[in-house]
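Scrolling down, you'll hit the structures one after another.
Here subunit A shows up in two complexes: once beside subunit B, once beside subunit C.
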Partner chain A sequence: MSGSLLTLAMGQYVPGDSAVHRVDPRFKLATSFAYAIGLFLVGGWPGLSLMAIGLAGLFVAGGLPARYVGRGLRPLLVLIAFTFLVQALSLPGKALVTVGPFSITREGLDQGGFLTFRLALLLLSSVVLTATTSPVSLTDALEWFLRPLARVGVPAYEIALMVTIALRYIPTLLREADDLLRAQRARGVDLSVRNPWRLAQGVMPLVVPLFVLSFRHADDLAVAMASRCYHGGRGRTRYRELRAGLRDVVGLGVAAGWLGLALSAGRWWGP
Partner chain B sequence: MEPAAVDIVDLHFSYPDGTPALCGVNLRVQAGESVAVIGPNGAGKSTLLLHLNGILRGQGQVCIFGVRVQDGTLREIRRRVGVVFQDPDDQLFLTSVAQDVAFGPSNMRLSEEEIARRVHESLAAVDMQAFGDRAAHHLSFGQKKRVATATVLSMQPDLLVLDEPSANLDPRARRQLVRILRGLPVTKIIVTHDLPYAYEICERAVILSGGRVAADGPIDDILGDGELLDSHDLELPYGFAVAGARS
Partner chain C sequence: MAEGMVGQAESPAIGRSRVASLALCGVMAALVAVCAWVSLPLYPVPFTLQTLGVLVAGGLLGRKLGPITLAVYILAGLVGAPIFAGGHSGPGVLLGPTGGYLVGFVGAAFIMGWAGDIARRGARGQRLRGRRARGKASAVLHLAVGALLASVVIYLIGVPWLALVTGMGLKAALTAGMVPYLLSDTIKAALAVVLVRAVDRALVSQGLR
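Right after this comes the complex of A and B.
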């Protein structure tokens, strides 16, 4: 259990020194956001294909292994398949295959394929962002975008710190859950049963100590932070201020140009 | 006359459930000393430690380098007293080693350049300069312990307080930490029940037992008195002899 859980939690960021890795995280976050919106604005296959080519370019430039495509899609594979099937079966049009009351239509396949591809690109764009940006950089960027809200009382630094600490403690809590699980197994608890009632009985002794441990961590963490002069984000200075360079601006320009091209593709490429 | 690094007068503290933890502690530590606070489990060692930087506040008086621990002085006190806790996992809560070491200096509102300098120096002091960009949870326990020490050193404390520094360390990591701690030119208080470890680093020992200072003196005398140790549920490991044990 621990192996798969730890892989899931920690396998997101792929350390590297590629051009994509080095881009300012604020630019990457903004581009990802724009890309997600662009995916829903783009009207046809030509535009969506350009979006896909752009993303593939980032995958290659980021030096990400091909297996990350599969890994990125796996969590929502069922949803993607479901979306495709519903579209393929529900849209009226020229029937290609008919089984009982259900017909798969050409229009359904086209629309289902389009929506599925869009969903897959959305997932994969988040993979590029998280695989090439360390959690620290991501939270730094998040804090930077929240900073203007600090003027109206939104605790921008605290929110970013909370996100950082939550991310940091995922592997710790998974390891502890695994330790507890082993301790329970050593005393004869069987979590491989199919009976939901018995499964719940087995999981409860795991959940309660995990909560207790979490609260203890929170307590110790608060003491450790107070001991290092933490008094909230106000007036704090930063270890590494984010600074954008020419490369970042050029990168953003290329991304914006490509996005513009994809969005307008329908006009000059036909429907 | 230079004020004492630590001056505790008649300190009492009870936990919210009424359990007394400190029952009139008096302790004076001069600047530059290395003092081991030893005692059995439940003696009040960790409770005393948390009074040194005002995390806990009991009745009585605690002064650090002449500054009394009270509401208005907490920021100054916590800058001067660096506490390294027993479990490094709860001191390393950011996503890279360098960010963790920079956390204290950032709270002290230092400039970006000064923070970077301190991060570099502190990591170098614990032989971890090559690990700045690593995530703390990928380090070994001994490495985490050294980084936890660096997170405190970066605040340039005048008094370094360590809670059970040798707990869970393998012999090699133990040896490395001893070498690092002995080389640090600050006043040190080491709270432990690992008597040989205390002996390697400190020249003075204080036995805390039942919430009181039961003995205070040169560490050779304290650890050499088997009867005294026995009466406070302390014991040297089998085969350990005080004379000649210091390397």
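Right after this comes the complex of A and C.
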């Protein structure tokens, strides 16, 4: 364990004023979901290439730096590589290279490449969404989508409120976790040991205070809310109202059209 | 739930209200997120506190608030807080190869929460009848079974999901998504039992429960 927890990414949102940034968050959230599902429905390379081109277009239009591609893929890089290897080695077909009992086949490479590329696009689609849309406006969008469910008893407003509370307390608790790590290290707790028993002993004085602190924060917050007469979501007005304009509808239309084109690519492109 | 101690300046009315539940679920979701960030080096894969956070939060919050907290955690990740392991976020991650583990967390929190509820009720009953040791043993047993079942549920949803999304087949998914974590997950299940009891005691002594 080295360095500070706080040096880790505190957020992926890149403030900006591009067309992608300004589109209504509800439309972006819906498009992002449709894109992710579309990736699993798309049948072959032509369709997948169109999906990739569409995403690249958004990446450029959103003014995102190129290093975000690497940053978006890094957490699952091992998994992506593993997927590719399993496919490349396990599918039967015409062998290209044979090493011992393993042989890499043309079919394997094709299939492995396809699945790997699809995974990469899936992860990058999230990067585009979260880098161009602030978590707060996405929470507003989420609440809007949940609102119809309020009729069947799903408390949409309160769900959104809990998400907002979670977003608000992540930096606070992260700082406290960091303080606790330092405090324990100063007392000689060594968390870089490879002995599971010693590690478990080191984790205890870190996790117990962190949980107790969290309960205390929750208690304080509840008292603060109750003393300000919090009484639920009914009849509350909002500081920010979501309003979709012509530009948003056009954006959604373009995205939907492109998605339709990609999904039907197999039909008119041939086998 | 609220065993407010006499003389503490805590309000039991707030402790059990809807506002208190809202605040608690929100803050605990943030805590699970923070746990996902802390990773300690252990062979063969890094030991993250993510699953541990899920189990302990579930065990402390009970079978109702536990799953809600984990659902809030997932939604916060969905809207772009970089809270999933590795600082990732967004719908692509939820629908991606490791999304099944995240969904499994909700089930794990439910099971662990249920075990926690039983353990707390049972231990209190035995304590009132003056059989402290028996209550302790029964609580540890319930929590241990809960922690193991909860870990199983995470894999039960996570591994087939991984196989499906990556198209790698169940056998490869087990190799990549379960076998390397078995050692650290056994440690985590045992640690979770100890931690739930330790935090519970600390909360009671500070009048927070």
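Going forward, the second predicted complex is superposed on the first by the 262 of 271 C-alpha atoms of A that agree within 3 Å, B and C clash if a C-alpha of one lies under 4 Å from a C-alpha of the other, contacts with A are read in each partner's own complex, and residues count from 1 in each chain.
Following the convention adopted for this analysis, a residue touches a chain if its C-beta (ideal position, glycine included) is under 8 Å from a C-beta of that chain, and two chains touch if they have at least 3 such contacts.
Just so we're clear, the structure is a prediction, and the values are computed from it rather than from any experiment.
Novice: Please indicate which partner A:L263 is in contact with in the superposed arrangement: first for subunit B, second for subunit C, both, or neither.
Specialist: neither
Novice: Looking at subunit A, does subunit B or subunit C touch a larger number of its residues?
Specialist: Counting contacted residues of subunit A, the larger count belongs to C.
Novice: Which partner does A:V127 reach: the first (subunit B), the second (subunit C), both, or neither?
Specialist: Touch partner of A:V127: subunit C, not subunit B.
Novice: Could you say whether A:L199 touches subunit B, subunit C, both of them, or neither, answering first, second, both or neither?
Specialist: second
Novice: Determine, under the contact definition given at the top, whether A:V189 touches first (subunit B), second (subunit C), both, or neither.
Specialist: After superposition on chain A, A:V189 lies in contact with neither partner.
Novice: Let me test your reading of the model: by the given contact rule, A:A226 touches which partner, first (subunit B), second (subunit C), both or neither?
Specialist: A:A226 sits against subunit B and subunit C alike.
Novice: For A:A19, decide between first (touching subunit B), second (touching subunit C), both and neither.
Specialist: Neither partner.
Novice: Quick one: classify A:L119 as touching subunit B (first), subunit C (second), both or neither.
Specialist: second
Novice: State whether A:E241 touches subunit B only (first), subunit C only (second), both chains, or neither.
Specialist: first
Novice: Which partner does A:A36 reach: the first (subunit B), the second (subunit C), both, or neither?
Specialist: The second partner, subunit C, only.
Novice: If you lay the two complexes on top of each other, which residues of subunit A touch subunit B in one and subunit C in the other?
Specialist: Correct list for subunit A: 134-135, 139, 164-165, 167-169, 172, 217, 221, 223, 225-226, 230.
Novice: If you look only at subunit A, which of its residues touch subunit B in the complex?
Specialist: 134-136, 139, 164-165, 167-169, 171-172, 217, 220-221, 223-231, 235-241
Novice: Okay, in this complex, where on subunit A does subunit C touch?
Specialist: Listed in rising order, the residues are 1, 5, 8-13, 29, 32-33, 36-37, 40, 72, 74-76, 79, 82-83, 86-87, 90, 111, 115, 119, 122-127, 129-130, 133-135, 138-139, 141-142, 158-159, 161-170, 172-174, 177, 181, 191-192, 194, 196, 199-200, 202-204, 206-208, 210-212, 214-219, 221-223, 225-226, 230, 232.
Novice: For subunit C, which residues are in contact with subunit A within the complex?
Specialist: Residues 10-11, 14-15, 17-20, 22-31, 33-35, 37-38, 40-43, 47, 49, 52-53, 56-57, 60, 68, 72-73, 75-76, 78-83, 85-93, 95-98, 165-169, 172, 176, 183-184, 187, 190-191, 194-195, 198-199, 202-203, 206, 208-209 of subunit C touch subunit A in their complex.
Novice: What residues of subunit B sit close enough to touch subunit A in their complex?
Specialist: 50, 53, 55, 75, 78-79, 82-83, 85, 87, 89-91, 93-96, 98-99, 102-112, 115-116, 119, 136-137, 151-152, 155
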